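In the two complexes that follow, subunit A is the common piece, with subunit B as its partner first and subunit C second.
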Partner chain A sequence: MADEGNGIIRLRSSDGKVFELTESAAEISELLKDSPREEDDEVTEIDIVRVASPCLEKVVEFMKHYDEEKMKEIPTPLGGSTFNEVMDQPWYQDFVSDEKMNRDMLFNMLSAANFLGIKPLLDLTCLKVTFQITGKNAEEIRELLRLPELTPEEEAKAREEHSWIFEEA
Partner chain B sequence: MATADSTSPCTEYIHIAYPVSPIDRVTWVDLPDALWHEILRFSAVQDLVRMERVCKKFNIQLDRKDRSHGAQEQGREREREREREQEQLSSIHDLWKTHCQHRWNDKPRYKLTDEREDWLRRHYDEHFATVDYGDTAGGATGRATGRATGSRTESSHVMMGNAAPFPVANTASSSPSTTSTPSLSKFSWKKTYFWMEQELARTTLTYDELESLDWYFNFTPLAGGRGKDTLLRCIFRHGLLSIGGAGFPSLPYRMLFLHPGDNPDIFSEQQVNATDQHSDTDTTTDATTDTETHDNPIFHGGIDTSQARRHNQEQAVLIADFPLHYVSRLHDSGEWLMTNAHVTFVSTDEAGALTYKDRNFQ
Partner chain C sequence: MEAGDKRGCTMKQASALTELPSELKQRVASFLSVRDLMKLTKTSKSIRSNLDVTLVSSPLTDRASQNKVYQTLDTQQCFATVVPNQESLPHSMTFCCGVISAGRSGGIVCIKEQEIPVNSSPNDLKETSFAVGKVVATIADLYDGQRIVLSFYPQRNKYYQFWIRSDGFDDDEALPFESMRLCCIGFGANPMDYTAYQYDDNVQRRRRYFRTVVK
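Up next is the complex of A and B:
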């Protein structure tokens, strides 16, 4: 068996692309950490059939960087009113910036982080989504999250219970 | 080689069983409940409520009452659906409980403890379940957007009159057996949160609170106060104020409710202020309208008031024949303040936790 942390993990995406990272970097993932290894194998290959290559590439990029620079824990309540105030590490700010990651990719990353059990990535993407929602009115949130319209009955109930939201819109 | 695909197990693969559903384009509604819980744990109350407004996942609470009607007569599938709803509801409860914990954390008499949570659950039916939901939510928004929230609602009157003030330990221990324990599913942290917002915005001190709370007392520098050296505990009981330490006689007190236009024949706080400033402005008669007068540092014995508080323009406490003590409430701790130019009373919990630092209290 390879020395602990020195082995290589190869992740194969749903569309067949392979991404390589060290065991040490892969340790951040609960799924990968707990996955069985063949003794004497220096290279372990794991199929990640739920994650496509564009997303898996970003996930691996995150894991590699996290191995070099740990992400600070995100406090609750949040210690700032903007994303960059809360997340003050430039690399992580940039990693999920609007320029680098569109909304679809963000949700894919969020799901992938959950699937792979990568808590820091899950926190980072959740925080990003949170700030995308923050301060938006109900209709903007519906559009942002592509939520289905409520039925007239549901709308009436929501209006009854949350009248102030309708007033502010 | 290992795989996360359970559909094609192969001996040469290390099998990791996970449901297979390729993540191509995830939308909010596809996310499992645990994930939106993760996202919304960072959200502010206002954003959380907006989500409830637009997302069916959150509206189960609204629907539950109707849809659960006659659930026992319905089939197993209906029961499963109901179980799923209960799980989602539980998740929502967790979010609101977290908000309660954070919101009350810096308020010694409100900070959530196991004992207080138990009190809330036991008294939920009698105090919280009838909260005017729309009004309370509106109050929260008003504060968030800077709108005035001073208007009293019907429910606030009810609570002021009948509800045991949370979390007075005496109340909790005095009648635990008389209240039926509501079911967990009925208990709502969200309603409790908004009830507490309304409660914390209340600026009318009840007689019960005056007499059941413990108080600190101090003189302002103008009246010879020397910080902690002159800080004393005191209690209001049965119409008599007892101040700790030797040399203070018990003093009678009574609560006054003032109305615009009232001209109480009493040496008012405003009169003291006007005298101190040698002002010829008309501040001597209307004790109910001049907020700036209350905030004037000179009025407060030369001490700048940095801790924000809500003033009650219509209530005062008369102690013996001293100038009126006006009632206000501290934003940060939720504690009560009674002040005139010479003295300050600050409410505290039984343990005597004192966070107030203005008016010579440091």
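Up next is the complex of A and C:
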């Protein structure tokens, strides 16, 4: 029987690639933690259907690192005006840097974190998206997030509903 | 290496914010400032619908209310304490008002975050001095006719005091503000109740509490 926390979890991506991590590292995931296992199994294999290998590889990388260096909780309101001010741990800054993670990957990671119940990864990716939006006007946000445009009627309604907030100096 | 249990998990891949579940959009939005949140709600109908931003707007007091006794002259006054419902904190709260008279040399309005010991009442905050607590929002150099908008982000087990500090206003019997409102911003149908204790000078009982839902 595997010692508690020392077993191996194998996650299989949608395209058939397998990524291994320890049970200890997998504990961060609510879904994996609650996944039933046979007591005698040293290895548990779980199919993560429809999560492609590039995304799952990054998720596993995160879980392994988190097992060694916990990510600090992100306070609200945010304690800084830039992403790196709020997230001051270099490894986590680098993990979601623009050079390492494009926009599509970021949203896939966010979705995967939600599905797997990995709260720190969810917070990190949400924070990254937040700072992509921060300081931009509606048009820039629409372009960044590839959102459909508002009709003139919808825009007028939005301004009417939230007019008070635009009084801010 | 042995293979143990083999289980399947499915999820929908998302490539843009619009494709994420509403709760994730709200999680992203929870980190945004009030201004950026409002900008985001303007970007698309689906975003606005998914975020389901709710505004709860309540008058704090106004020129005509009986909560207008206000003493000034080289002093500072706490004129209200707000106690957010700890079970369902909103995204943010925003205090809005108009400045009727800024007095001889402007003044400061600030919101302070306070903690009180367990089993104490928020009413005990009446005894605290201006020096106690953490300033979470402030605006200085007030001028006549100014529109004030101050936002803060309620935290669990914290209370919020509204202070005004000035070396003197033209009208020393009333708060020199009009149209004082407190707006709560939250997501979904979560109730965003709060209790506002408003103080007359030396009057220590709870004042009005009501709310208007604006969606």
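Basically, the second predicted complex is superposed on the first by the 155 of 169 C-alpha atoms of A that agree within 3 Å, B and C clash if a C-alpha of one lies under 4 Å from a C-alpha of the other, contacts with A are read in each partner's own complex, and residues count from 1 in each chain.
FYI, a residue touches a chain if its C-beta (ideal position, glycine included) is under 8 Å from a C-beta of that chain, and two chains touch if they have at least 3 such contacts.
Remember, predicted model here, so these are calculated numbers, not experimental data.
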item	value
Overlay on subunit A: subunit C relative to subunit B, clash or fit	clash
Partner chain in contact with A:Val51 - subunit B first, subunit C second, else both or neither	both
Which superposed partner A:Glu42 touches (first subunit B, second subunit C, both, neither)	second
Partner chain in contact with A:Leu121 - subunit B first, subunit C second, else both or neither	neither
Which superposed partner A:Gly135 touches (first subunit B, second subunit C, both, neither)	both
Partner chain(s) touched by A:Ile28 [first = subunit B, second = subunit C, both, neither]	neither
Touched partner set for A:Asp104, first subunit B, second subunit C, both or neither	both
Touching both subunit C and subunit B, counted on subunit A across the two superposed complexes	31, 35-38, 44-52, 55, 74, 76-78, 104, 107-108, 110-112, 114-115, 122-123, 126-127, 129-130, 133-138, 141-142, 145-148, 150, 154, 158, 161-162, 164-165, 167-168
Complex interface listing, subunit A residues touching subunit B	12, 14, 31, 35-38, 44-52, 55, 74, 76-78, 104, 107-108, 110-112, 114-115, 122-123, 126-127, 129-130, 133-139, 141-142, 145-148, 150, 154, 157-158, 160-165, 167-168
Residues on subunit A engaged by subunit C in the complex (per definition of touch)	8, 10, 31, 35-38, 41-52, 55, 74, 76-78, 104, 107-108, 110-112, 114-116, 122-123, 126-127, 129-130, 133-138, 141-142, 145-150, 154-155, 158-159, 161-162, 164-169
Parts of subunit C lying in touch with subunit A, wherever the complex brings them together	1-21, 23-24, 27-36, 38-48, 55, 94, 96, 147, 149, 151, 153, 183, 214
In the complex, subunit B residues that touch subunit A	1-5, 13-14, 16, 18, 20-29, 31-32, 34-35, 38-44, 47, 49-56, 59, 62-63, 98, 102, 133-134, 137-138, 141, 145
